[in-house]
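For reference, the structure discussed in these notes is given below.
Chain IDs A, B, C, D, E and F follow the sequence of writing; residue 1 opens each chain.
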Amino acid sequence: MRSGNRPADGMRPVSLEYGVQPHADGSVLLRIGNTHVLCSVTVEDKVPAFLRGKGQGWLTAEYGMLPCATHSRGRREAVSGMSGRTYEIQRLIGRSLRMMLDLQVLGERTLRIDCDVLNADGGTRCASITGGALAVRMALRRMVVQGQLASMPLLVPVAAVSAGVVGGRPLLDLDYSEDSTADVDANFVMSGDGRWIEVQTTAEGAPFHPDLFMAMARLAAEGGQQLFALWEGEE
Amino acid sequence: MRSGNRPADGMRPVSLEYGVQPHADGSVLLRIGNTHVLCSVTVEDKVPAFLRGKGQGWLTAEYGMLPCATHSRGRREAVSGMSGRTYEIQRLIGRSLRMMLDLQVLGERTLRIDCDVLNADGGTRCASITGGALAVRMALRRMVVQGQLASMPLLVPVAAVSAGVVGGRPLLDLDYSEDSTADVDANFVMSGDGRWIEVQTTAEGAPFHPDLFMAMARLAAEGGQQLFALWEGEE
Amino acid sequence: MRSGNRPADGMRPVSLEYGVQPHADGSVLLRIGNTHVLCSVTVEDKVPAFLRGKGQGWLTAEYGMLPCATHSRGRREAVSGMSGRTYEIQRLIGRSLRMMLDLQVLGERTLRIDCDVLNADGGTRCASITGGALAVRMALRRMVVQGQLASMPLLVPVAAVSAGVVGGRPLLDLDYSEDSTADVDANFVMSGDGRWIEVQTTAEGAPFHPDLFMAMARLAAEGGQQLFALWEGEE
Amino acid sequence: MRSGNRPADGMRPVSLEYGVQPHADGSVLLRIGNTHVLCSVTVEDKVPAFLRGKGQGWLTAEYGMLPCATHSRGRREAVSGMSGRTYEIQRLIGRSLRMMLDLQVLGERTLRIDCDVLNADGGTRCASITGGALAVRMALRRMVVQGQLASMPLLVPVAAVSAGVVGGRPLLDLDYSEDSTADVDANFVMSGDGRWIEVQTTAEGAPFHPDLFMAMARLAAEGGQQLFALWEGEE
Amino acid sequence: MRSGNRPADGMRPVSLEYGVQPHADGSVLLRIGNTHVLCSVTVEDKVPAFLRGKGQGWLTAEYGMLPCATHSRGRREAVSGMSGRTYEIQRLIGRSLRMMLDLQVLGERTLRIDCDVLNADGGTRCASITGGALAVRMALRRMVVQGQLASMPLLVPVAAVSAGVVGGRPLLDLDYSEDSTADVDANFVMSGDGRWIEVQTTAEGAPFHPDLFMAMARLAAEGGQQLFALWEGEE
Amino acid sequence: MRSGNRPADGMRPVSLEYGVQPHADGSVLLRIGNTHVLCSVTVEDKVPAFLRGKGQGWLTAEYGMLPCATHSRGRREAVSGMSGRTYEIQRLIGRSLRMMLDLQVLGERTLRIDCDVLNADGGTRCASITGGALAVRMALRRMVVQGQLASMPLLVPVAAVSAGVVGGRPLLDLDYSEDSTADVDANFVMSGDGRWIEVQTTAEGAPFHPDLFMAMARLAAEGGQQLFALWEGEE
């Protein structure tokens, strides 16, 4: 039985809290079970060197974990330097959220997304994408209010969910204890209309049959529907 | 007039939330006005090299700020490396909290304090010390429960408060807008019986008369009394 | 038309050269079209700290590119530090090749894989995995000859191939010019029996329909068959 | 008895040697007992980015120790990176010396102060401030001679002295052997008219009563008078 | 007897392969015995800051070794940082190749030389210089073809060779096994007309008589003649 | 005419001051004209990892320059990281001084040499070697006095001197103004009996004829005689 009697295709409880970092242009604290990620957006009036003078914007992400977010304390990356895992995750977040909008509409501005994990219980990269997308929407709305944008740009809603195979059984939205014993794990980044943005799946102990992948994909589609419902709520 | 009609000798509202990082051995979220600092303690079964084999413990601190905690986003120190300011603050926190107990009673263990600023509105180093001390107490109590310590060690309560001179007028517990226009600012780290652990005072624009220091010291003593009342509350 | 009149499901010409770095315990220069990767294996008589005393081995990978391997010269990472992309790729190579064998049979030894790109024309991470797997086999055979292993361990053949969607059309084994205009790209790491080890797929311009993923998966299966034929050749 | 029969309120012998680094715009070798610090000033025709275009100058300091300056050799910071202690000290020196003059008069120039400890016997940060202030004056005089400044700016003389409590007894200007057994130590940065610029005091073993601070402040005032006499001498 | 029955004044077999890195502006794979170095040149349309606006060009070099190039695997410098040995070698290569031409003729362009050792068997720095010089010529010829230069500049042919004293006997072009037992070793960087550009000689076990240096210099002159013959071959 | 009417084969005035860093095991301040280098030796009771358990000692050197030692202030390497030039010089100093004695006699101890340039006027690496050798002798004598060594080991006196060709004329011991206009410069590290330890010569503007090298070698032999006279003086 899964913790909390969750069915195989059930998400953990999800909640949102907007505006927790008032200095940011947009901020969301997303809680999925005991995974809590604070996603904030800063609008900067410049773009990286490779885009200067092209009249378009950029979106980039940084990811971090508080040292005590995890079961055994992790080293502070300000001391140890950024790990390969961190690089990998923040590149994934950035690629995923750049699918949300036509970067031309930003003009020469950068949306900088900070995803900081306050507590980790599996699925932090997915939570960062899901929460980050909502924080981006909040920041864009504020840009409209402040006159930086003439109107709200057309957005592709983006969310991400994990799935895995544990003891031979496909499961949606793994928590840490499931993740650490999984045979396969996967992350699906999806758009609101059910298309895919990024899919990563990894064998943990042995190669797996593609049919298991298909089962995980079906679970992810169900999970996505629940996450996109978050887009309906009030900020 | 001070924001919120505070009198010159008034602290901002203070609140505590224990256990916000359940993986840590002790954790406290301290809010002083809009300054929010998460202080967590990890008990490690080893000591730094310079203490090995001496049968005593150690206590050390690390300090960080989420990038969006401040008015204009700060660079993530995992990227830029740790700043001089961060080094200075975490050394101060460590020195201050080492006064709390006889490190002999810990055996060869280290208490590692993480102070992470979620929102900054002045006084983050003082809040880190005040909150860190309560998190240390929580971790020690847990060590007793888990049998790592035979009994609760004798503790020196420690708290810290800022004071300053703004427009010629001594004020307690500066917020960011006061701090950024202060003529003098000072931090007082105190023990529960009114003695001093560390005092730092800095002229911002011009040298100041020692009498102003005495006025700030009196304000700090009053502020300390309010902070030590936090030691009475429930965890 | 694809360069060299390749059909949509055709691999570029592949060739192998064993033993190009005679000081290594195993080495392979794999050429796939104009992508040339030198994969070498070093056997070390120790394991990382987290495995010490557990009686099992480890396998890890490092990846690099000569500065002039690419269209415009890349910065030497000895100067600039390792990029996020490099971290991401070498973690993928390591995870993939650890599926080749039961690490218990190595005893407390590490297989260290170096994948260095001499020329890049798309698909360097896949070529690193495909070539690295063959270099691992060569190193294990040598360990048997030298008496470090009693017998050749059972191996899972591993290879990787890229696929993508260019102009709406699914294609196998993208070269650089195709990759830089692709709508979707994907990397499939497979075992010799057609199972999956790691699959990563990324939208480049817009979310894509899962059916396109299935089409890429079919192409990858065909490409895999051609790559596993390399396992039949002479060292 | 203190070394050399010093009374509790006695400074160690102080001497100055100007111009020891002829390439610098100002340089002073300050010897206080066996603490020898070489303070040099370089005038640079630019300011840091945050001040550009504002028409004012800047003053900043760097601090270092020769590896063999201390009882047991310290690691060279060019190898180990700068320590937290170094950051803390050089920030203190910079803040203190910026009180010497109105930075507007410099125009867009930076005074860069280098304080390098040749031999350390306690009090190196205070000696750096005291010597640095005299080197600044020398550099400003040279700027007048060379026509970079129309006239000598009005200066606030600055000097610093340590005090401490050893065996319960307040003492002025601790040497290393006193400092390493002190209960409390303090650094007072003062202006020539007896006002304060920066005061730092730290409990070494246990919290201390504010009265001890007052006693140290009185000693520091006496020490300051001796140090400001150095301003009368010939360059 | 030397390996391969080489006489004391014999070079190992030398071969060249041009164009192995087609993305570079010039590239040469130089093999001297089992020492294989890939030398590539990139033409950049800018110069370092210290030369900007002076209308002249620059030439600089970087040197690296693949980890498995050596008998026991070396640490990848992207991980460990650049070693002192690497700095020393690449500075030598840069100084040597800057003697090839009048840098004025380049205009504000930089020739960036990458020397990467694929296999090391002694003499890698000399091989880097010898191969780098030929790669520079190739790049300059291409600049003429592409119209970046009006005509081929006058070149000073440059080549380098090692010599040493092994068991009391002066030898030309040491391989690794000779080099590791040598009493003295030396590197001669020469121009095509027999003049010297850089000479470095080092005692390995004890000071040596200047006469031995003269004997090595004679051997180097002979070796140089063989290397300059490479300048006659076809690209 | 050379500065101070020096003849072509004349050294600048040389002086020694022993014991300037009393915490070191040996220290010498060597002044050659306006080049002032402080050389100190620390005896450490351990050897680097590659020598552990072999029963022999080691000698290694570090080199630094105070920022204001040079005409225009140099960046502090604690901030900027160690430059290639510094690596090159400290490796040369270490190699040279290891020729002074049989490292077996030290037991498993390391002599660590710190050479810090207080003022630079050309020839700092040679001065570091010459001064460092005398500091090593002082430290060894102290080891005998303290009973760490049974008797004074047999020493090879070592010294170094620069030479160059300026305006076509070979000169001994270049100062900065000569060095910066030299056509060729060379450093000779010699033993007391006239043999060579390390010789480095570099063309600055164009290749040079080997005869010029021979002329510089003769000058260096004369300079060496003057430097070895320093070995006769009192400590």
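Keep in mind that, in the parts below, a residue touches a chain if its C-beta (ideal position, glycine included) is under 8 Å from a C-beta of that chain, and two chains touch if they have at least 3 such contacts.
In this text the structure is predicted, and so the values were computed from the model without any measurement.
Shared contact partners of chain A and chain E, listed by label: C. Shared contacts of chain B and chain E, meaning chains that touch the two of them, come down to nothing at all. Between the CA-based centres of chain B and chain C the separation comes to 50 Å, rounded to the whole angstrom. Work out the mean CA point of chain A and of chain F, and you get 59 Å between them. The distance from the centre of chain E to the centre of chain F, with each centre set as the mean of the Cα atoms, comes to 28 Å.
Within chain E, contacts with two or more other chains are made by no residue at all. In this entry the chains close into one ring whose order, counted from chain E toward chain F, is E, F, D, B, A, C. Taken together, the chain E residues at the contact with chain C in this complex read 20-24, 27, 34, 38, 40, 42, 44, 62, 64, 66-73, 76-79, 81-82, 86, 112, 114, 116, 118-119. Per the touch definition, chain D reaches chain B in the complex via residues 83-85, 87-88, 90-91, 95, 99, 156, 190-191, 193-203, 206-210, 213, 217.
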